[in-house]
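Here subunit A shows up in two complexes: once beside subunit B, once beside subunit C.
Moving on, here comes the complex of A and B:
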């Protein structure tokens, strides 16, 4: 456990050392500041559009930063030949896989929390009233979302190059978020082979859209039930374990 | 060797000629496009994608009006019912009948209840409608909807008229925008010469087929009212008669009776 946390600690330091995070943070703050100043036909207290923009920015920036961090871990260690140094220590390969995953996840979550704090500041200064239970649930469910995304990217990083991994992970993430819910229905009119592929994708790939509760938060709907949150937690743990296992199976016998 | 060089030179010159011609054709086509002269930064930045984004934002406004419901997850059957906005329709669900576990989870995470925004809450639509109109000024539905909300819910008739007039510049053949402007001038501003002019333009631009019979009847009715308010009795009489002509035999007897009464009163000016 100590080994896993030590590797994770390094990753958390790494993300805050890079400029990417600060660029995203400044961009997020500037866009939210500009959006909060907009006036629409002199009607006061219009807030939902600001929440929509703010949450979208938090989700997008966090996902992109996490994917780029998780994807470059192992390839950069191989390229810089630091993996040999790391493996010279009594460190089981499984612990390295888990350490890289936990580090990327915590670093991504910290980035998200900083973006989210900026968003809450602007949203609260304009809306004056926010559903705090819903705000909490949004954070928790997005953490689960990041967990699967990090595990997927981390799992792929033992096979793919950094650029291929980032591209593939983000395409899968964006496609499932946008079309995951309706893919099966949309594929009904496809040629049988394409329909078969689409349905396979629909049932096998993780449904990232399950963790998106922006609609409830923005439109003042009540939070989802604890039972459903429990199910979503198990779902996220299952998929994370699956992707990490794929990565570990590949890395287990890889010659250094 | 010389022969090969000749073939290469021929193809080089041929390709150069074709390329030059393509550039000239593209240049002349580009000059013919109205957007080519646009100095709007959004057009320069997004090109024709601007309209698509505008249409998406208009759909987003529709989703906001229904409490943020994801329109991809709902069943569309029955949505166009006449009692769509009726009280008894409230808090029904849009959930589809089929039971796929992925859909089941999504329908519990996302809210699919059927609600409409009410009162001051409707202001939340304005950013999306405003952006939709700016990005796709050729979307007549977006122009009309934005003007409707501004006038009917926020009592900002001046802004509504401004949007409609801008919409008219971009869609000069739209009878709906002429009609909406006429209604704003007639009902709110009470400027009857302007309303008559817009109703007259709407009358000229509307397709006079059977599907527009009801709309044409309404245009004639308000055109008649606008003339009457200005004291142009003969024009009003003519328009009332045309409005009455637009009714089917058993249709809306009370309104028919009211128009017939007005015609009878105006007959003395013949």
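Moving on, here comes the complex of A and C:
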């Protein structure tokens, strides 16, 4: 466990000592600041719309930072030869896989929490009523969402190059978020082979959109039931374990 | 070659392939506890491949390796081994102290012990003054010193060094030689590959000479050189150029 936490700690230091996070934070704060200054911000529906933009920014920036961190870990360590020194220590390969995953997930979550705090500050300053249970549930469900995304990117990083991995992970993430819910229905009119492919994709890929409760948060709807949150937790753990196992199977006998 | 209880590294008939070509071809050798063992050969002879196989970084096609009696597949085989790579890079965003703390933790050294050892190691390698600087801007010589410090952080019984003097200035080489002699006096086993034959001659008890992945000569340095030849460099050139195979 100490080894896993040590590797995870390294990733957290990495993300906060490089410029990427601060660039994203400044960008996020500037966009939210200008959005909050608009005159029609007090119109309720516009306020909700702008809140959605703010929350989406938090999700997108955190997802991009997490994907780029998780994707570059192993390929850049192989290229820089830092992995040779590390793996020459009494470190089981499984612990490296888990350490990289836990580190990327925690680093991404910490980034999200900072962006989210900025978002809540602007949202609160406009006196919009915030449902705190819903705000908390949003954080937890996004953490689960990020868990699957991190595991997927980490799993791919033992096979793909950094750029291929970032591109593929983000495309899958965006596609599923945008079309995941309607993919099966919309494939009904496809040629049988295309339908078969679309349905295969629908059942195989994790449904990131399950964890998206932005609408509930923005429209002050009640939080989802604990039973559903429990189910989503199991769903995220299952998919994360699946992707991490793929990564480990690839890495356990990979020549370095 | 029969395994011996005093052997730290035991390699038997080891074959490793790179792109369908033998990088190592039936290599057998044994490194005895407490000795300094020099591993020689021209570029591409397979020295780094052998070291990577010993450390479990790459996997053989056939043959066997044991490190402290364990297979390199078992991470525990590296519990008491320190490794200094030929070309090392470290996490550029970490300071020297953070790097040593990180590797100490990975090796399972207790927090207090790591804290105690770091100042001593930094003094040994001469990095005390830059201990809180991030290593991104360090020169090759300084990076090599970090390499040595990280290899020693868990007080290993055995050191495996891949071209340790590569890129070092004469003064740093002399310092490294002094450190290695000190470590040998502490009873540590040192296995190192090198092109610097004068270093090898000064330091080693035993040597092995490798060419195209195959072992040409191996044994105590005086036995290998024989009674007629006293200069390792001349002997090495003759062996490599001659029909040693």
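Just so it is clear, the second predicted complex is superposed on the first by the 249 of 256 C-alpha atoms of A that agree within 3 Å, B and C clash if a C-alpha of one lies under 4 Å from a C-alpha of the other, contacts with A are read in each partner's own complex, and residues count from 1 in each chain.
Here is the rule we use: a residue touches a chain if its C-beta (ideal position, glycine included) is under 8 Å from a C-beta of that chain, and two chains touch if they have at least 3 such contacts.
In this text the structure is predicted, and so the values were computed from the model without any measurement.
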{"item": "Contact breadth on subunit A, by residue count: subunit C or subunit B", "value": "B"}
{"item": "First, second, both or neither for A:213, with subunit B first and subunit C second", "value": "first"}
{"item": "Which superposed partner A:19 touches (first subunit B, second subunit C, both, neither)", "value": "neither"}
{"item": "Partner chain in contact with A:80 - subunit B first, subunit C second, else both or neither", "value": "second"}
{"item": "Residues of subunit B touching subunit A in the complex", "value": "64, 67-70, 72-73, 100, 102-103, 105-106, 108-111, 123-124, 126-128, 130, 150, 154, 156, 159"}
{"item": "Footprint of subunit A on subunit C - complex, ascending", "value": "52, 55-59, 75-79, 81, 83, 85, 87-91, 93-94, 98, 102-103, 105-108, 147, 150, 160"}
{"item": "Subunit C-facing residues of subunit A, complex", "value": "2-3, 6-7, 9-10, 13-14, 17-18, 80-82, 84-92, 253, 255-256"}
{"item": "Residue numbers on subunit A that touch subunit B, as the complex places them", "value": "38, 40-43, 45-49, 180-182, 184, 202-203, 207, 209-213, 215-216, 218-219, 221, 224-225, 228, 231-232"}
